[in-house]
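Same chain, two partners: subunit A is paired with subunit B first, then with subunit C.
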Partner chain A sequence: MAATSLHREAHQARRRQQISGWLFVVPVLLLNLIVVVIPSIAGLGMAFTDWSGVGSMNFVGLANFRQLLQDQVFFKALIHNLIWTVFFLTIPVALGLLGAYLLSGIKRGQMFFRVAYFIPYVIAAVVNAQLWRFLLNPRIGIGPALAKCCGITFLDVAIFGSRDLALFGVAFVDMWHFWGFLLVLYLAAMSAVDVELYEVARLDGAGRLQQFRYVTLPSIRPTLVFTILMITIWSGLVFDYVYIITGGGPANASEVMGTYLYTSAFERFKSGYAAAVGVFMTLWVAIATGGFVLLRRLGWEI
Partner chain B sequence: MKARALSVVLIVALFLLVTPIVSAQDEVVISWWTEPNSVPTNIQELFIDPWNEAHPGYRLEITEHEDLNNVLRTAITAGEAPDIIQSPGASFIAEFVNAGLVQPLDDYAAQWGWEDRLLPWAFQSGFIGGKLYSVPLTYESMILMYNRTLFEEKGWTPPTNLEEFEALAEAAVAEGIYPLIYGNVGWQPTNEHLVGIYLNNVAGPENVYKALIGEKPWTDPEFVEAMELLRTHIADKGWFSGGLENYFAIGWDDYWPTLSSGEAAMMMIGTWGFWGVGAFEETGTEWDWAPLPVFHERAGEYNYELATGSTLSINAASEHPDVAAEVIDFLLSDPDRVLDMSATQSFGEWMVPVRITPEDFPEGVDERFVRFFSDFAKVTGEGRIGYTTWTFWPAGPNVQLWEEIELVWYGELSVEDYLANHQAAWDEARAAGAVLNVPAPGVAE
Partner chain C sequence: MFRTRRTISTLPNYIILTLLAIFALVPILLLFLNSLKSTAEINLSPFTLPQEPLWDNFVTAWREGNYANTIKNSAILTGFTVAGVIVLAGMAAYALARLNLKGGNVISFYFLIGTGVPAQLFIIPLFYIWKQLGLINSHFGLIIIYIALQSPFATYLLRSYMVALPQDFIDAARIDGASNVQVLREIILPLSWPGFLTAALVVGLFTWNEFLFAVTFLPGTDLKPISTSLYAFQQRYGRDWGLTNAGSVIMIVPVLILFLLLQRNFIEGLTQGGLKA
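So, the complex of A and B:
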């Protein structure tokens, strides 16, 4: 009898705990429902309509998706997103790793470099973009100035106006502001690596490169993989720097899915079609995240 | 005693605090959202204060919003838009009309005689489906601005036809000068200015008019010729800013130092360009303007393209539509006030198309501004009009026009395919009933 009573009380206590736990979570869930779940479902539904953004909307089935799959500009944008991803998974990551590794060996003045590299990351995108638009202006930028004063002509080109260079020019500006963020993340991860591992490696005759390859990289793998995942996701969603600097031009040379979605919705007034582009962008994120989860399930320590 | 004194002070303070709130609550606000950076600097004393004084119990509130059109589209869908709807052009109003979000202005126009106050084409441009839905806030046209000091130095005169234009461009290039400065950084639709100029001055206004009303396909040879000539000038010859790459990397901030310093000779721009001529004072040079050269004899004598910069409508959900209409009427009622306000923007913004004469301009106004508006009135009065894409093209074909032209310039799309796509966009717009009212050339007055 006493045991049953004790058991019931324990059960009730557990229930109370569960209920109070849910009560704490409910406000956040409600918020999430209002600002994420409902708009997402509405966005998905909109992708099956011909809504212009104003007035009534008509159900058009899969018409937007059929049109999208035949849309050359969309495929151009998709390829640019892939190029962007490869660019950001290589150059800024390499720079961040190298910078963090070199900086981790510095004891005095490390904070100065950390702050210096991190500052561009905290400046608003529009400010960074305007700064570089001014610096790379074909009339008064550093290119024509170097050509005039020193005869150095390789920068004397309208980078953002060139079809061959525009995408990489914008990616460079974005990378300039972003790589310091990676550096700080990698530096924090490296500072947590057990110094004894380096000592053992040194005793085994490992040079700095080998220490980096066999001690540093495996030790910071969770951070490295996390940044790779986030870069892959962000590269699919990129919008701000492209929109501000080139608007996706010239002649769609720097068009990405984000700018194509925006112009579809707010310049061509095809909100339904833009929502279909949004569905593809969500798919991109789902594939990246799904891949990450799959690797974890397969036993990767990430 | 102290406590009582403190109480009195507190009550008085509370009363003073509450009084203006109560007073403000008694006033009905008539709201109007407008574009930033273009509002006359004297709007408060010349427009808002006099209107408020003439309408006790109401308060006119004009507020500036970045990216106005998109903000408005969201607000009007949510039922939160202001009483007065300002759009970037008549073509943007069409979808509001179709959705029943703005109300007809015919009764107000008849009541206050707006037809007699406005320039006829400007009044007509606000009609959709036989009803008046908007009146223009500002009007403009495309002109050729040039560095007069440079022209005098070189012995050049503004070109009037294709032969003179090409000869001058070659001469400028030979001197290391950009024949024309222009670029689309910050505003991609800049492309449409050039497309419109070449359509009007190569194919001719008659042909453009026929295509606008659906009597002629856009794929006809006259339009092909126009777009081929533009492609030759901008892409092959590189006469605009020295080449396509510069065109796509140069914007408004670059136009004026380049033109005023003599690095460039000319610029094909709208009359909103008057707003930037202050740069010439800094370089100690002089500017001037001329009508655009006519590139083909079929285009006739020079013309002025008709354009409304922004339009005003009344929100269908407004609780005070009659009072909102009074605001619009107040704007149209006094040409002197229009000129005084627009003068603060060098007549490039808020130039309401009311009927004015050269004598109406305030004392001391630059002769070059007066010369333009006088000649515009005379030439368009004779029916020599052209058509700007943002005033007479529905939104769909308009966007296709300025977006895909970049592919033509880069040789990725043939002119024929570009115009076939344009025709398809028009067919779609026509089927959707999005076509706008177009005045015929030769009968503007």
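So, the complex of A and C:
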């Protein structure tokens, strides 16, 4: 008798614990549902309408997507996102790997350098934008100074006002703020590499470059591949730096999907159309993630 | 002899690392230097020390940028967002880490997908839903958004701390008849506070610096936080470099001080965020 009631009590206590456990999770789930999930579904639906943000909303089927595929500006923006991806997969990754490799080879000052490289990453986009608008200013910035003192003239132009350079100028500023973050990620991965592997490589006569190529790179591959995936995703979604520095200009020369979506929705009031851009951007993320998963399924050890 | 050889072999490392540090830090240093010059002096010599530090820039920027108000706005947004995330994510992390929830894996998976959805997919509908609810131009409305966006990441971070705690303490408290809330408050919190500090710093930094949602959901001038009001300030005083530089410095000084004091937590939290989000 006593044993069964004790058993039942324990059972009830477990149930109570389960229920109150779920109550602990519900607020976060509910907020996420309201702010992210429901509006995301609404966004998918909105992409098939001609809604302007006010008034009636009509279902227009695939009209927005058909229009997008013929939209010169959107096409330009998409190309810019691809250029952005290539830029970010090369320069900051190279800088991060170089810095992390050199940093993992020293002891004294490692902390100082790590902090120094990370500082730009914690500074707000509005401030970094201000900083580089100032330094790259065609009248008083680095460009005219270099031209005057050393005859180096390639920077002596209005970078953010130039159709050819605006996109790269903005990408450079974002890169300057980002590469130190990559460096710290790579450094963490490199400090986990077994020191003996390097010793064996050295005994085999491997120089520094060869050690990097045959020991470091393979050992940090998971982190490297992960950052490549993240960079690819982020490059499709970039918004802040472009919007703040050039607003996508001049004449769409630095337009990316993110800024095009924003101005379509909130300045030209084409909500349905902008939502279609949003669906495209989500596709970008899905394709990048899907490709990553697929390669892994196919047996690539990434 | 060994020592010299080692020093020589790491010398190239130090040279390149120093060049990289110059690349990272000198632009920020120039921002500080040029926040202490008049615009006329900046136009003449942007790369030198100020002849005489012009602290007036800060006074003017503070007044013209209405910083007393915008810093208050940012403090409200940041404070409530951090508090909300810490409480809600702390609870969720505790349940996921410690209570053997049936279906806990589903939630973790849901968070993973939920954080993968780009803001651009939901920001337009969210704007019109918030408009319907009267939450545009409301700090409360934006705080809700920030909490929702940051909680999944913070839950992950805190969960990984709580999973590592020894079960013995919790069992002992359970035998004494402690409830879930008591266990969380008396045992989990004191033991995993470094995790909470890290989560709070990352969420705080995100909120302080946030631009996209702030510019969209708080268009009214009086309510703007420091990031979007600095943006407006830069647009208005475009060529007045002394002033806009001073305005920028005001925004980053609190961040830099906190970062230098607690850089371990910041770096750990932000890199974890990058790895998990």
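Points to keep in mind about this one:
Quick note on the criterion: the second predicted complex is superposed on the first by the 262 of 302 C-alpha atoms of A that agree within 3 Å, B and C clash if a C-alpha of one lies under 4 Å from a C-alpha of the other, contacts with A are read in each partner's own complex, and residues count from 1 in each chain.
Keep this in mind: contacts are C-beta pairs under 8 Å (C-beta built on N, C-alpha and C of every residue); 3 or more make two chains touch, one makes a residue touch a chain.
This structure is a prediction, so every number in the text was calculated from the model and none was measured.
Upon superposition of the two complexes on subunit A, a steric clash is found between subunit B and subunit C. Applying the stated contact rule after C-alpha superposition, one finds that A:F226 touches subunit C and leaves subunit B untouched.
Of the two partner chains, both subunit B and subunit C are touched by A:R139.
In the superposition on chain A, no contact is made by A:L294 with either subunit B or subunit C.
In the superposition on chain A, contact is made by A:F266 with both subunit B and subunit C. Contacts of A:G247 after superposition on the shared chain: subunit B is touched, whereas subunit C is not. Of the two partner chains, both subunit B and subunit C are touched by A:G53. Here subunit B and subunit C are compared by how many residues of subunit A each touches, and C touches more. Superposing the two complexes on chain A places one of the subunit B stretches 75-83, 363-371 or 417-425 into subunit C: stretch 75-83. For the contact definition in use here, the residues of subunit A common to its subunit B contact set and its subunit C contact set are 53, 133, 139, 266.
Across the interface of their complex, subunit A is touched by residues 70, 73, 76-77, 95-96, 98-101, 183-185, 188, 244-250, 254, 257-258, 263, 395-396, 399, 403, 406-407, 409-410, 412 of subunit B. If you check the complex, the residues on subunit C that touch subunit A are 10, 13-14, 16-17, 20-21, 23-25, 27-28, 30-31, 34, 42-43, 46-47, 88-89, 91-92, 94-96, 99, 101-102, 107, 110-111, 114, 116-129, 144-145, 147-149, 151-152, 155, 179-181, 205, 208-209, 211-212, 216, 227-228, 230-231, 234, 241, 244-245, 248, 251-252, 255-256, 259-260, 263, 266-267, 270-271, 274-275. Listed in rising order, the residues of subunit A touching subunit C in the complex are 17-18, 20-22, 24-25, 27-29, 31-32, 34-40, 42-44, 46, 53, 95, 98-99, 102-103, 105-106, 109, 113-127, 129-135, 139-141, 145, 176, 180-181, 184-185, 188, 226, 230, 236-237, 239-240, 243-244, 257-258, 261, 265-266, 271, 274-275, 277-279, 281-282, 285, 289.
Within the complex formed with subunit B, the subunit A residues making contact are 52-56, 133, 136-139, 157-163, 166, 246-247, 249-252, 263, 266-269.
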